[in-house]
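One chain, chain A, links the two complexes that follow: it is found with chain B in the first and with chain C in the second.
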Partner chain A sequence: MIQTATIDAGPGHTESPGLWVLAWRRFRHDSVGLVSLYVAAFFLALMAASAAGLIASDWGKEVGVSHAPPGFMGPGTTVTPTQRAAMSSASPEVSRGKERDDSGIVDPLADVLVQIRAKAPPGSVDTDVADPLADVLAEIRGQSGSAAAAEARAPTLIFGGDKWGRDVLKKTIKGTETSMSVGLAAAALAALLGTVFGALAGYYGRWVDDVFNWFYSVFTSIPYLLLILSIAAVLNQKGTMTVILILGLTGWTGIFRLIRAEYMKHKVREYVQAADAIGASNTRRMFVHILPNVSHVVLVQLSLHVVLFIKSEVVLSFLGFGVGVDTVSWGSMLNEAQSELLLGNWWQLAAATIAMAMLVTAFGLLTDALRDALDPKLK
Partner chain B sequence: MLAYVLRRLWQIAPTLLGVVLLVFFLFNWVGGDPAYLLAGKISNPEQIENIRRQLGVDQPIYVQLWIFITQIATGDFGVSWATNEKVSEIFASRLGPSLTVLVPLLLVDTLLAIAAAMLVAYWRGSLTDRLVMIGCTVGQSISILVYIIAFQYVLAYQLGWFPVQGWSESFTENLFKFSLLPIIVGVLVSLAPDTRLYRSFFLDEINQEYVRTARAKGMSETRVMWVHVLRNASIPIITNVMIQLPGLLAGAFLIERFFSIPGIGREVLLAVERSDFPVIKAVTIYVAIATMIINLLADLMYKVVDPRVQLK
Partner chain C sequence: MIPMRSDDILVAIHGLRVSFRVDRTTMFEAVKGIGFDIPVNSTVALVGESGSGKSVTALAILGLLPKENSTIGPGSRILYRDRNLLELSQGEMRKLRGCDISMIFQEPMSSLNPVFTVGFQITEVLTEHAGLTNRQARARAVELLREVGIPEPEAKIDAYPFQLSGGQQQRVMIAMAIACEPKLLIADEPTTALDVTIQKQILDLIADLQKRRRMSVLFITHDLAVVGEIADHVIVMRDGEIREQGPVHQIFEAPRDGYTQALLLCRPQLARRPKRLPVIDDFLNRAPAAAQDAPERSRGLRGDEQIVLEARHIGKSFWSREGLFGQREFKAVQDVSFKLAMGKTLGLVGESGSGKTTVGLTLMRLHDASSGEVLFDGKDLLSMSPREAMQYKRRIQIIFQNPYSSLNPRFTVGQILMEPMQIHRLGSGEQEHRDMAYAMLEKVGLPGASFFKYPHEFSGGQRQRIAIARCLTMKPDVLICDESVSALDVSVQAQVLNLLQDLQDELGMSYIFISHDLAVVKYMADQVMVMNEGKIVEIANSDEIYLRPQHPYTKKLLSSIPRGWRGPGGNGDRL
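On to the complex of A and B.
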């Protein structure tokens, strides 16, 4: 590969291909890497579309019956409309306390009215006691009637429904958005911290290096998940932003170590001395001259950490220390799936598992391919 | 040797101080006033003042830090906020169950991973190698949560081969009845990444000159692999096993929670849920100390395995 590149940049050419052009040429021949790139790009597009509200924005709508089976298993043969009605009246959480059924709306004054009418002496003017709630009830009945018509619940959904009859496919897409955005943002934060710290420690050396190394050894002597859990316990507030901060602020150590080593290697090279000779400042030498030469390490680490953080986010959300209750993530889906499995409803578990496995595998293979393409000396 | 150990112990001091400061900072400053957490809903200013005095949070910050350091030194972290049990007693009673699951788990996993990695490294590039590697990659991509949920459901709940969860007083019953499924799940989860890692360690060694020499001398393949290659690949393997140890102690919380094993991991989760700060503080500090000591032990073990290693 390198040889062809040097031939390309032979006497006739003035410009030789840079690192990224060469890497892309190598990457293009890696079919596994390309496929995983496409899969990762697909998930990214899914995330972007979901974040923009183009798809799955109505994931919280209860479109199907409770625990609706997936469509490919055939219509829910066991759930007839009468059973469904019985089910929805039997389990209050299905309708979340709101009576949607026409028959379910009872005039709270009916009994009282009957009594009053019975007590009234025949022939008296009071016989016709008007129901004071009549207008309100009519309104409610009308509303619920139209609502029931509009919200005819599907017996099956494409990939099944959850306890409240929400579409599992849409939940999975929304969960992809949450888990991926947490993974990407946390990885970006960790990469930023790790790169800046590593650059400072590796470039300046001496006491700066000692200070950052001290930070490093403090953070790494507490097991990763234990550190995350203690911070989660202390912050005691759930939310996507909290998870991103926890993961990003604790996860920079690995990147720091690698970048520091790279900077120590690069700072004595000729091109940095040349930059010094033309009067480039320390900051400029660090981030304009050296950084592009170590950026491939950052990229590989970024991709590696996305996977790591997605896995951590799933565990945190599963345990209830992660994203908020009104946000759906793969972790919270797995949490629901645990009790659903006891009823034999496997689809939510399968959906979250498959989505996560696909993304994690794709990112893992992409990392390997990136590493091979960017560092041909390896292997 | 002794001088080396002493110097390493001395080097631990600043790191330990850092961990103490980090934990102190987290729980006393970021965490807010613990008195409000403790008093809960029925708080009136008087009670809060009382609790503050009991905890010592009305003292200046350096006094609080000193209280914390004496707590670490004496191992007396007071009582749990949630159960009023002494923190030291909580640990004493939770360590046993954790070790009952974790020691066999680590042993079985390490032995299986070494055997599997050696096999695939020996047949490098073959169909077996590629299939095992693909299996490991896919297996690794599935969350540990899914493994636990699926195995508990199928093997314990549906087939009834194992108890779904539980723990008893008798050690043998715990080990051979209640710990079996947790160990199997744990081994399965850690086998894939370990096999991949150890395979790369073996591959580094397998092409070395000394392997060719050993073969030229007419040694059997078994001896070449299990004696010569394994011994040389053992340094990174030891490092990996040792690195896993402290994390495993606190990190097996998912397994302990699902299978209701009254171990340290489950205790940590409960403490986080109940904002039981003394317990979390104690776990974090002691696990950090354990990590540093284990790292030192790992370095000492290199010397045992490879006499060429210079401890300086």
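On to the complex of A and C.
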């Protein structure tokens, strides 16, 4: 390696490749790494576009029929539009979400109900008592786009619809934005904490190291989920920011240990002693001299933790401690899919799972490729 | 080589070519079609500097080259008793290795497994290859340990490697290597990591074993002086080619090749001290005559020189924990006092563990001293606060041993050179720093284009020049050279020593030259201080100390230096 570099660097060169450039050159020959980089970049682009409101900004709009099947499967076999029309005219509640009663239990009062309804004049719901809020209600409906409600809903959507007829594809894109931003931001926070703590503990040693190690031991002695739930309880509000804080504040421990070990190894290296000899301050030695030499560890840990935190966010949202109801993430999609799956509606589950699996696998392989490319053999 | 009957030859190598894959497209040919014979019952030395392909040749004989990135060229043959080793199967090769052919490595500390006793590691070889039972193997292991000169072998057989000294560990390695009575012992720099006094013992041991067991030894080294003491035949390699081979007396008395001549004369010698050491180019350009007759430099202090730095009773202790509350003191340096004269060099000599590096680091305030004071400009450096010390820090600088680790690999050379000036606010602004850095590069003999390059693009000698240039940017008064040339090849060593000497002549700096290499210290130093176990045993002018050593330890050190070829009489007892 050293030999080629010396040979390559002919006399005409003014700028020459640094270690990052050499790492990139090695990385370029790793086809698996490159493909996973493209996949990760694609997801990042999706996230950026979604965050900027270019795509999937209308994910909350109820565009399809409830549980609209994916386009490639054709319209639902059990519920055709004509049946739906007949059913909705027969029983108005059905269109509110319980159209198919697969339970097989026969309502003994169904006939009576139909009779009562038939007697009732159109307009009033099911009693003779006039609704005092009817006008207000009508007004509200008009504002919130009664036109859209009236508009015929699509029987199928590209990748199906959820319970409320929202497009699963758009939900997935929006969910990508939430899950990835949580993963990236939380990993960045954890890496920052872990690196700073690890640098201080490893570099100074002695009591500084002891303090940080006690802190670390306390953190790791509490069962992980319990810790997460207790922090969630303390912060006491749902939302993306909360999830980022929870994951970032609990996830720094592994990075801390690694960076601490790296700093302990590097602080006795001769180049650091040489920096001391020329009068570089502690801070300068820590962050200008040593940090670039351990940055590959941070980078690999960062991408490893992105994967970990995306999965954690899914678990948290699945358990109901995750993002709020007004946002969608892969975790909340999986949570919804739980009940849908009983009805045989697999597409929301599939969409969230495929998206997550692709990103997580790509990031995992990317991490491997990064590790190989950054491995500082040149030292 | 002298023609011999085929049954006198143990190993014959013909047209050996080995290439390594550097990256996808480039191959690097490490060995370029070499051929030589290893006769039965003799010692063949393979001499060369780093990158000459000597170790690769040894690994090829053993079949230990890494399969994934190395290829042996077509037409290469390594004949061992008429079998081509390159065509043997893995299994056959394994049977041969450790049994007929065995090897000892450079670093005994890392070649022994630290979690097993030495007895276990030796008996493993015996049960594996010789098919002995455990009881027999243990008895044999004790015998072997006695043969390689380990005291109390019955007790030491149950010792762990860390309980033995470096020299004893190397003896254990040799015991393992000769356990199955090999026909060929390959020794790859077996004494490079050891102190001179130990080196001599190990060399004697290998020579003795060779004679007693009538085996062949392939001795790989970079040090011609060692070769002169042990070898029958010498092969000089450079860049994967054989430059010269022949019987030892021919190589030492009438070297034909310029490179061999350079190797013999580039190293500082105890007897002579030319003003400038000859470097390899002098010989390759065919001007050896000038180098031979260079004027001598006289060294030493007259006693009226101005003193730039004075150390008084420096002590440094390290504490290790023992038991629950106990602490044990290890005195690395005790009561060291000396004066450094302006523009002169103080040599600091000692074996590993003698505390010589600790003295250097203490002077630099790189760790805290336990006692004593260092007077510089009339002020005590050791008792200053860090802030006060900053202005003095610039004026005492250090060049470390290993140029591969003392430069930050993520900085360009320009950044490395400009950083000290930025920290100490020397000069005014970026442009002046840049000009200064270029000037320093020129001063240490590197092209200006180096400014934008990274350390990994340079060879060891060039890196050491960068480290020197970094120190020079601060215009220090005192330069501490901590084994600064020990990791460099002989030819490069001469260049760096010449550079250091030129700089001293030009800038009038004082050097503290720390080294285990007595010849180098003799060449560089005006005054020599010998240290042993943290104490000064002797301090005197350098000619004085080499001619008339007073202390028995100094005498022992001096008598251990390999003297090279001393004529048939000098080596006759073994030939």
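Going forward, the second predicted complex is superposed on the first by the 285 of 379 C-alpha atoms of A that agree within 3 Å, B and C clash if a C-alpha of one lies under 4 Å from a C-alpha of the other, contacts with A are read in each partner's own complex, and residues count from 1 in each chain.
Quick note on the criterion: a residue touches a chain if its C-beta (ideal position, glycine included) is under 8 Å from a C-beta of that chain, and two chains touch if they have at least 3 such contacts.
Given the structure is predicted, the values throughout are model-derived calculations rather than measurements.
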| item | value |
| --- | --- |
| Chain touching more of chain A, residue-wise (chain B, chain C) | B |
| Partner chain in contact with A:L225 - chain B first, chain C second, else both or neither | first |
| Which superposed partner A:M180 touches (first chain B, second chain C, both, neither) | neither |
| Which of chain B and chain C A:L189 touches, first, second, both or neither | neither |
| First (chain B), second (chain C), both or neither touched by A:A355 | neither |
| Touched partner set for A:R269, first chain B, second chain C, both or neither | second |
| Touched partner set for A:V297, first chain B, second chain C, both or neither | neither |
| First, second, both or neither for A:G364, with chain B first and chain C second | first |
| Residue numbers on chain A that touch chain B, as the complex places them | 214-215, 217-219, 221-227, 229-236, 311, 314-315, 318-321, 330-331, 334, 337-338, 341-342, 349, 353, 356-358, 360-361, 364-365 |
| Touch list for chain C against partner chain A, complex | 22-24, 26, 28, 51, 361, 364, 366, 390, 393-394, 397-398, 400-402, 404-410, 412, 419-420, 423-424, 447, 449, 452-454, 456-459, 467, 470, 474 |
| Footprint of chain A on chain B - complex, ascending | 14-15, 18-19, 22-23, 26-27, 30-31, 137-138, 140-146, 149-150, 153, 157, 246-247, 250-251, 253-254, 268-269, 271-273, 275, 277, 280-281, 283-284, 287-288, 291-292 |
| Chain C partner contacts - residues on chain A that touch it in the complex | 1-6, 9, 11, 13-19, 29, 269-271, 273-280, 284, 289, 292-293, 376, 378-379 |
